[in-house]
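One structure coming up, written as structure tokens, with questions to follow.
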């Protein structure tokens, strides 16, 4: 199993989530990060003092998937996060030794099996 | 229309004489310095309360904006207030209250009172005003009171346009609106213009201030279009304001300021029952809250806090025109209805894809119409005093006044709508009215002002960005605030 | 009890005549329109300042609530204010100030003044009030002033119940409290009821408004129980409010509003030294801050900012009853003591496991008792005027007044305690008074109102959840706000 | 200097008599109770508005502080206000307005009016004041108005010292400043002291309140040194305040409160044209916003929202001295210039490495100087009344008044600068004026008060920490608030 | 050495931290994330417009431990984060090559050795 | 390729970023975390109730680098984050299987190649 860590633009997230959910991969986590890469900094100005901020807000997406789901998940992100401008982000694939579902105590691939999105309130 | 030459203006209608004989006597001798001081104090304090409403609008509009635009809203509020004060001083006051004709005034630019009669108690500007002879206050007190009303009308417009309007574009609108459009409409009624001649009543400005602001807001949002992400596959999306606490602070400040707005509109204190007006105003506001709470529960099936606050504003706007003419029970009814209808109108606007972030259209527009009409329905004989107007239709009066009220509303909407449409379109096709998509996504704070309003905690909310904008580069192109480029 | 038929009420005690002969003369001829205007203006402006205190309570209570409940507090404040206004109009004012007996008034429902004497200067409601003949203000001014006091009392109650009280449950309490309980207690003293007959003095309501509110708050928190996580293995945990800045804004707004609360309680201006009262009020507030800062340093060993703010409120509450009767130095002592004792009482409440998030019990309750008693200790002859009351015990007077003050307090606590206990229990066993554990953990904003108060930045604090609730599913069961289910 | 024994003080200059004959007549008979009530009401309401400015300073200073210090600012504001009230009562009022000599007053400690003449309308404190005979208000009203001015001056000082000043150190400064330094300077002009004798004019305190506060602030920041991270390799770094919305709320509240500050400084209402002053004040504030917006655009090349807000304050400060003496157009010019020069001065201070987080030096200091001088430039004959002062230089008058204004400013800066330097140095070398580097990095909230001002969302901003401090252990040493150690 | 990444409910954290500290494993990091899994979304409503939020607030716990501490740490989390309702969360085990203590420059297993909780102020 | 995860003091970040950027490694991400380790807790006090907070604010730095950049990056962090007091933080090295650049779709080491900092606005 692998963990996909993608640093993307906020605005790309919604569509990615929907597509992944449609593919049976609604399980994921996101968090706020700030990052720098090829994308240049921008200037903040306050009472005449200016500074260049290199760290821009990005969204970090974490999805742990079964080995054979890695590629299709990465492809979705690649397709939907892409604008062609610097700042589109990067995706990293990290090995994962094991996964455990807290609710059931199950371990291993079964925890990562694709499943449909549950209805609200479920 | 019938000539009602001896009829007082709706403003003068504030003169709910308590019928104390001494007053008449005093009037013969001319007002005493004490009376002038008392009247001026009331008007100036009323004006201060209305000035304070700017803090209310600031908090309300900041609270209902996105976090990334909070600083930009703050900046727009303070510059709008400043423009309103300077423009109304330069041209607005003269157009609204100077001597002129039924359409506009034409004297008293820059508060120049050289045309004034020697009589220190005269307004010194408008022979109509002098003729009324009721304003025993210096012209500066009257000006202060009127200028803050103008600023309120402008503040309403901006709320509906937030999160996407260009700084420079709005500045231009503000100059034209406060210097020319608002004053002309104000002149028609409060300056003794044609609507006054026809007997139109709007005690403290449900139409003149609120409906006019809301009309401009509607035109503004139509010209601008909705915020990115507001409608998605045709369905309205919630774009919640970032701070309900600040929003509610704004609502309560507005409520407090409205005491000056309505009760101060007596334009004097001696012999006038302003307490009555304050009570009606509070009852309507309270009923508006209850109305909107129930309305939201019925229509949205939630206890929407933002609607509770908006309900207060709706009740306040609705009672603004009739506050001096109706009994307390009618104030409750007027407020309740104003609150009740706000939530369905929010749904309606969503349906027809009009994006109104602060709800100016239901609470200043529709409630303003309702309140103005309510005079024709609920006005009580005892409170109409010497106005020579018949009771409200529901109290057994005639429908005549209702008809006057109706076309007064139509004229306000028509003129303001047309004038602001021209201005907004002119701005749109010259300096531009809306920021670019990238700037809007990045937020106006950083893109127009170079710094976030909350520099230490800016966090974007995933989920608020529609597909349509996925291919934009977001903040990619922003290396410096656009204004400095 | 001793009959003191010619004694003025503690409200009327505001008539600190300056001893100018002209006043007596004027009184014979009846008040002039100017005097009526001046008096009404003072009372209406006082009422506006007290109305503004709602913004103070909103900010104070929002600031001291958890972030996830901030929107719910905002909603409760505005709806409570509305209920207070409507209920006090419907029944409260009649019960408090209408003609009736020593226990309650029974005339003037819905501000119906048809029972009024023809004299426009009379209150038109209560022959007792008319008999005093002192209120040269229209009944609406008097109503406005009284209704906002009632709303203050209600706002105090809610603070202690925040973060866990059900919307619908509190609504019902608000209706009963403002429509019936508060007015009856107010009648006893300010409406000429039995406590007035006994000579009980409470100038602006340390007991009537503040102690009463705090008593209801105490009962409320006892019926509700503490917030989840407040006590852990028997030890009190800090559950800090989420915004000290908003809290402090609330404190300063309350301080400002209190100028109207106390100085406005003269119920008139001509011949009355309201400036004196304003000075005493400020001195006590300032001393309260110093007292609480020192108290917290001694008891908590920290410079607790929330206690500094609470100290101001404690000083203000304590001076509310005696503000017109004591010298400035006594105001300082009264405020200082009120502030000093607040921190130890906070510790005490924690010890006996009473959860009072805003500190209403120390600052409105204990300080209210202290302030009411302080009249019996510090009242100065010169300021008691025609009240016929002896000096304070510490100034060489008798203990008689102290005893009256004491049982006035006891009656207030007893009646309010019993009445609110019945109401809270009735609510608890019918519609419910407290939200479910899941809803409380998820926060009232999302669970009761369907949207966070700060939608863009909601972050929960790890560490605030005790073991006891670990097995709850938190937000698991919340697919929609419970109110819409 | 020339003896101008019959000249009125600049305070008394508020007496812009409207020239109504009745007033003179009334004066002979002594003021009526009604007039006393009206005058007192105006002064007390003015004082309440000025008291409200504390909420403005709180929001402005909290908004411009770092998030980790927000609670500490809140605490300092409320304790400063308390100290100001108690110290001005104890010693300040006597020093400022008691009978004495040209340097200070020496009677009336603790508001003790036993020295008062029997005449209830006299101030009872200062024979000079009585001689003027103009203040038909009780001494308590006058005290209330003056004490809140003193508190404003103190609030200004703190703003520039925020984010790094030790609680205990600032307390000591506050005691000395409000109890001794401010009152002495106030005495020179408003208490009939030597500057008054020389004909110095400062209607509502551009110099006495604002310049004095800014001078102390400058000395304070020089003794303290800049915040960690403000200058880096010699270059100024932006350390933005954490909440522009709260900052702007503060600005608008200050603007509203200034209506009391300036218009209330007539110290009475009957026969006085306070509306005029209110209008001038608003025009200058509005022009200040426009000026600062343009100034920032020219100098910074950004639409800096914090400068827009500061522009309003600059305009208000500048018009404070001349508000009663100039025509509206001059008010606009005065405000515009005050706003325009603020941004370049911000740059200048950055260049010479003076750290002024709220901009007190440009907006209270430089604008205060400018406004005080402006009297000598723009004063109009018609408004100078019986003051016996010549027109402003720009209106064809002599430069004499400008010279008096100039050395009045110099005296204020000199005395305040020297006195506060001694106090700050004494504090620095005893209890300490600045917190440790670790405490500053951790933030004053947790290090001085044991709890964050925003406990649920504290997030530090990377990028604000310079190399110089990299080797400090930050919060490492903070196991408990230092005050409890 | 392994990194344990657990996505859990906020309310479970306190007890987990105490238990781990008692076991000599007080070293850890947490952060705020939003996640979706089997737990359904919930409805947000604002002025009549409603939307389903699938990403719910969760706490991410990161603990790097020596290989032979992995199981007992996971067991503690499993026990204390478990309610049996959807939304209890998941635990992932990720391989770690090396660990460095900044204060001392030490590397390897010694950095992760169990140690007692230090007293406040230490 | 490896991912360097460093938990450091906030005040160390700026210099680290500058140094890494000078070395051609400006690409990184940061996020807010709270952590506990050897550094003791501190006391929070509110209205007399006190509690010890063990989780202190830290900055998490994530840098994915080519294998032969790991050491020099770690050295920079070690040097600049070091104060010698408890709380300096820890650095963990985690294996990464692959990296993808969203903008171009490139994969592998090329994605992590050192590059100069881009000018603002780039």
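Descriptive notes on the structure:
Labels A, B, C, D, E and F are assigned to the chains in the order they are written; within every chain, residues are numbered from 1.
Definition applied: a residue touches a chain if its C-beta (ideal position, glycine included) is under 8 Å from a C-beta of that chain, and two chains touch if they have at least 3 such contacts.
Note that the structure is a prediction, hence the values are computed from the model and not measured.
Between A-B and B-E, more contacting C-beta pairs join the chains of A-B. A rotation of 120 degrees, rounded to the nearest 5, superposes the Cα atoms of chain E on chain F. Taking each chain's centre as the mean of its C-alpha atoms, chain B lies 52 Å from chain F. Chain B and chain D have centres, each the mean of its CA atoms, that are 33 Å apart. One inter-chain figure worth recording: chain C and chain E are separated by 46 Å, centre to centre, where each centre is the mean of the chain's CA atoms. The residues of chain A that reach two or more other chains are 30-32, 34, 39-46, 50, 55, 83, 85-87, 94-95, 120-122, listed in rising order. In chain B, 32, 34, 38, 41, 45, 238, 240, 243, 300, 302, 304, 306, 450-452, 455, 457, 459-460, 462-463, 478-481, 484 are the positions where the chain touches two or more neighbouring chains simultaneously.
Those residues of chain F that touch chain C in the complex are listed here as 34, 44-51, 53, 55. The touching residues of chain A, when paired with chain F in their complex, are 2, 6-8, 31-43, 52, 54-55, 58, 60, 74, 77-78, 81-95. Residues 18-20, 22-23, 26, 32, 34-35, 38, 41-42, 45, 49, 66-67, 238, 240-245, 247-249, 251-253, 255-256, 259-260, 263, 269-276, 278-279, 282-283, 285-290, 293, 297, 300-306, 308-309, 312, 328-329, 332, 457, 459-461 of chain C are the ones that touch chain D when the two sit in their complex. Listed in rising order, the residues of chain F touching chain A in the complex are 3, 17, 21, 26-32, 62, 64, 94-103, 105, 111, 115, 117-122.
Those residues of chain D that touch chain C in the complex are listed here as 32-34, 36-38, 40-41, 43-45, 47-48, 51-52, 54-55, 58-59, 62, 70-75, 77-79, 81-86, 89, 110-111, 120, 137-138, 140-141, 143-144, 147, 167, 243, 246, 445, 448-457, 481, 483-484.
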